[in-house]
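Before anything else, here's the structure in question.
The chains carry the letters A, B, C, D, E and F, assigned in the order they are written, with residues numbered from 1 in each.
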Amino acid sequence: MIKVVNPNTTESMTRSIEASARRAVGPGTSVIAVSPAMGPVSIESHYDEALSVPGLLTEITGGASADGYVIACFGDPGLDAAREVASGPVVGIAEAAMRAATYLGRSFTVVTTLARTTGRAQELVDRYGVRPYCRNVRACDVPVLELETDPGARGRIVAECRAALETDGAEVIVLGCAGMADLCTALTAELGVPVVDGVAAAVAAVEGLLRLGLGTSRSGEYAPPPSKPYQGALAHFGLADPR
Amino acid sequence: MIKVVNPNTTESMTRSIEASARRAVGPGTSVIAVSPAMGPVSIESHYDEALSVPGLLTEITGGASADGYVIACFGDPGLDAAREVASGPVVGIAEAAMRAATYLGRSFTVVTTLARTTGRAQELVDRYGVRPYCRNVRACDVPVLELETDPGARGRIVAECRAALETDGAEVIVLGCAGMADLCTALTAELGVPVVDGVAAAVAAVEGLLRLGLGTSRSGEYAPPPSKPYQGALAHFGLADPR
Amino acid sequence: MIKVVNPNTTESMTRSIEASARRAVGPGTSVIAVSPAMGPVSIESHYDEALSVPGLLTEITGGASADGYVIACFGDPGLDAAREVASGPVVGIAEAAMRAATYLGRSFTVVTTLARTTGRAQELVDRYGVRPYCRNVRACDVPVLELETDPGARGRIVAECRAALETDGAEVIVLGCAGMADLCTALTAELGVPVVDGVAAAVAAVEGLLRLGLGTSRSGEYAPPPSKPYQGALAHFGLADPR
Amino acid sequence: MIKVVNPNTTESMTRSIEASARRAVGPGTSVIAVSPAMGPVSIESHYDEALSVPGLLTEITGGASADGYVIACFGDPGLDAAREVASGPVVGIAEAAMRAATYLGRSFTVVTTLARTTGRAQELVDRYGVRPYCRNVRACDVPVLELETDPGARGRIVAECRAALETDGAEVIVLGCAGMADLCTALTAELGVPVVDGVAAAVAAVEGLLRLGLGTSRSGEYAPPPSKPYQGALAHFGLADPR
Amino acid sequence: MIKVVNPNTTESMTRSIEASARRAVGPGTSVIAVSPAMGPVSIESHYDEALSVPGLLTEITGGASADGYVIACFGDPGLDAAREVASGPVVGIAEAAMRAATYLGRSFTVVTTLARTTGRAQELVDRYGVRPYCRNVRACDVPVLELETDPGARGRIVAECRAALETDGAEVIVLGCAGMADLCTALTAELGVPVVDGVAAAVAAVEGLLRLGLGTSRSGEYAPPPSKPYQGALAHFGLADPR
Amino acid sequence: MIKVVNPNTTESMTRSIEASARRAVGPGTSVIAVSPAMGPVSIESHYDEALSVPGLLTEITGGASADGYVIACFGDPGLDAAREVASGPVVGIAEAAMRAATYLGRSFTVVTTLARTTGRAQELVDRYGVRPYCRNVRACDVPVLELETDPGARGRIVAECRAALETDGAEVIVLGCAGMADLCTALTAELGVPVVDGVAAAVAAVEGLLRLGLGTSRSGEYAPPPSKPYQGALAHFGLADPR
């Protein structure tokens, strides 16, 4: 079973993510998507991202055990921490989307929500080593929770995608928000180039790793963290010693 | 159906690659592995690699049509050319292995056959943007076709893997030759860290792309090549104009 | 007034950090050091680091207002988030130490606590653009809270510093943990090369920015984050709307 | 004697290349230019490039022996393979042109034929380490074989050169196709900045290496490849064992 | 005492630099600014920069001894040489300005004088590792000595600053000439983003290093140079042997 | 006529450089080597290098006019300034040697004189974009002027070359000092790999540029510098206005 953690607390978005995720796996692989009990209702700043991580980690370490995990926010929040404590492989949607894009063309542009988050996306472009492939990171200036409610949202996303193809010369589009997952198929048809949704890409990547019997290395940086006390409101995050 | 092309002409190696590839796919996905009719019996130099490509391209454009393709040589020969002419997505085993490794740890070492091929592997490390993850490319100095016949081959591979863990501080091992695919499971068990076989990783990547409905972008660099005459012994490579 | 936030909850370490910080400022500048009420007792993993950030942010946004802020953990946790919400400039001790080191020589080595944290330090080397200067990141394998209690700790730190000079050819040493701040002067004398403590370097950097009248840009990535609800145990992190 | 191999099979282009090459050498150095018997009539895709290499290698290893070799296609096809088997130094026109350009200014723009080949040129910019010098790679959208037949070709090339100077701020122009060699002198006069033709640059580089007594290192990556059988239509590529 | 060396010989500019420098230090730190007796009246080319260095070095090694030094030209001329021979730490205004800017935002643009000097600024962007932060280097096309005399100079500087914010998306402005130091406060107020003057940033950096007791490493590259004769007009540059 | 400027004032070394340079040109090309009247007797520090530049520039702008110029010191001092004012192309021996080495193998090691100069060589490795080719910069710890007088010098150079081949895995050796030029042929024979002397490589590069009719771009960074007064001992460096 693959567990997809939407790190914000908006349940309707989690349901939409789950639907996309289920379309991406083969027969015999089950998927659930969950939201943490604590954290921001959407992630649109470094502050939001930082505060989404404790709730996200609760979903990684607690609840029904899963074989593998997906972090369904394009900033890949808490990815390193999750790898240290998860029982199976963990993949972020930004890394999966960007890496899938490199199989499909020599250049891609990311189309995301707010301009203020493009810096984080650029940072991930460098971390994942896809700088030579990335032509641009474009923002459509639609807040995350208005992606489904704002009737103009789809038009602004399409406009940025077209600018990516015509101005940037991108050959592939990467959708820069988990809340855009349900647009992926229609955009691919409309634009005539591959459009990559990170939720689907990450779920497929985890399913592949599981089939190959591969999990996070327990040697070095992602070894289980030293056990220790946590204080105050986070006291329950202390990990049992023998792992 | 996923077609795995072993770009050398050694049929016994192709059969072994096919067995590894089949273990990596889910129910409902079929896999075949083929060798070209022309080219070198093994690929151990730039010269061999260059001469493997025409035969490889024949397998991509001809024979039974496939949904997606894998190039099963760690130099990823002919990858760009194959993407231009294949009917579905194409993934090389070096790119798939290196990218899978980045999901599993913060560092990997490649263990390959002959020292003279490490330059090509290093070049691919840069092309695929995984330089910060790659600790080393090690050669066990076993020629490709002796991997199965030389009784000392396995020992030398294990010795390089151990050096990768202890000297390089690598957290993950990437096997640098399609001929090592059958060692992967045993090595994972013996070494206690993830060992990535590119054949399995590439087949899983193609299966994922197919499930997501994603293929090579037909816009830009991988658009179908202009039709034109080819002279001499390669005259039959001319592509039909309407594709 | 400069507020130094030790993101772990160990008060004795906070007092030692405060002493170092006070030695680094000029007449007329006051300094206080604080620990959050919630979080880990020490930071030795990505998991610890992620869980230190909510408490750290509480100290940035709450309590007595300060003119500028220092984050006193060598992983620079929460730095981007803190910059979004702080009332004045924020500097991390890793960035300040690494940048100060580049004024003093053409190469430095970081000497830190546990080997598992060297990956984070390497990541910061890249983020801060000091890769050409950084010869190595060495671990002395002393847990953070044993730096003061383990009588062998100092010897192991000195041994790594000497290896940095002799094996790495480093010209400057950067201490990779706020808990090492009190060793800085003695090590400089003993080793004969500059030894940079990040706490002092960061406090000096903030003091300089304040004297120059410079604060975080409110345009672009570090603009105040959008106001929104936070759920569950983190509900009180919601920011007042007009900032 | 320096042998210039035009890797396409269009003899008229080979003659033009030969004329340019002869103007670039000093007294006492002879030059011949040849085309392979097999391969594409022009090189405008990765597919063409891959299929040009066997014929190219035949010209490197067979026929009258030469002291040094030039590969006269801006994608530098088969360069590594040629170095393994050639009797003397081998230089590609892209590497020679880009490196010569760095002696003449702090920035250059490449002006080439079709847009679909700019990706390969960009890849070579990275391989040859001239990224900081390269402002742009521009395509004039003239197919290779129409360079001489299309009366509008020259105008479109000049227009891209002028855009390189005015929009990109380039200080030097690099011509991105061997078929443009005969335009070089006139363009230099017309544009008032240095215009580098790779054929001339490569021939001059080989002549220089020969005068210095320098050839390809036979240690490591370019050592003679292991001898082995080649199958099918490429069987005659097998190299004699003692080299 | 901190000595600020303006490497050009224009005394009125030196007085203006001194005023800016004095505003940047705390109580108890004295500052003087000096010009060399030999060299160019302004620095607007590599030629000028090269010829400013001997006079600059005379000011570093001679006259009243200082605790630390600032080189007040945005090309940071002679920085490495000065570090070898100065009695205390040496900081260039370009490095200090660029590094300070990285504390204040995720992106900056440099606004400098003549277009021909932007290449040197770009080179320093790479040397100081701030490439990911630097959006652009813009020239206002005002010669150095006309900054104060040309009534249109201020307007052209402001225009480039506004283009930096609106076109480049820069979050911070770095002033690219010591002659602009006196504009810094007014520009910060006018533009609403941090504007960094390198003279102030460098003086603050040196003051911080002095408070921390840190000086140039005497091990390795910046060790005192070997003593030897200098010929001709530079004979008096010979350094006394025992240092 | 090609003028080779040895930027130090040691005439015996200049004569040896001239002999090497003459062996590198073809019939019909004349070469002279000169030393400046002012400057250090050898260049072994940033201080020496900075002080060599005024004398070097006198040789570039004065005396008998030449068609092209070589700067014969491995730090390539004053290269940008020389390009601004020289009447023909200017090539440094470090750039020429490193670029020639990339034609001959996939890796090289520089063997130079004193360890303190390796930092400058590393900086040039980055400037010239040959980082992926450069395995190491090794020092034999022989001062420049003892290269010919110290009977042990040759042995120490050979020992570093052997370490380059065996430990670094370098395929090509680059000699890192103009004073080693006369060893080049013997070392090539002794070591069995190409050994590149920068004096010969630079002279050959200039000869090639001259035959191709290529000179420094007069547009942009290397345009003639603005005319202006120079003060004091350098007053005679003022350039005539119309160039």
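Keep in mind that, in the parts below, a residue touches a chain if its C-beta (ideal position, glycine included) is under 8 Å from a C-beta of that chain, and two chains touch if they have at least 3 such contacts.
Each chain and its UniProt protein: A, B, C, D, E, F = Aspartate/glutamate racemase family protein.
From a predicted model like this one, the values you see are computed outputs, not experimental measurements.
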Farthest chain relative to chain F (centres taken as mean CA coordinates): A
Most distant chain from chain C, judged by the mean position of its C-alpha atoms: D
Angular offset of chain B relative to chain E [C-alpha, multiple of 5 degrees]: 180
Inter-chain centre distance, chain C versus chain F - centres from mean C-alpha coordinates, in Å: 44
Inter-chain centre distance, chain B versus chain D - centres from mean C-alpha coordinates, in Å: 29
Distance from chain F to chain A - Cα centre to Cα centre, in angstrom: 52
Residue numbers of chain F (touch at least two other chains): 106-107, 119, 126, 132, 220-221
Chain E - residues contacting chain C, complex: 24-29, 89-91, 95, 99-100, 102-107, 128-133, 165, 169, 171-172, 185, 188, 192-194, 196-197, 200-201, 204-205, 207-209, 211-222
Interface residues, chain B side, partner chain D - complex: 9, 36-42, 44-51, 53-55, 57, 78, 80-81, 83-85, 115-116, 118-120, 123, 126-127, 143, 220-221, 223, 225-226, 228-235, 237, 239
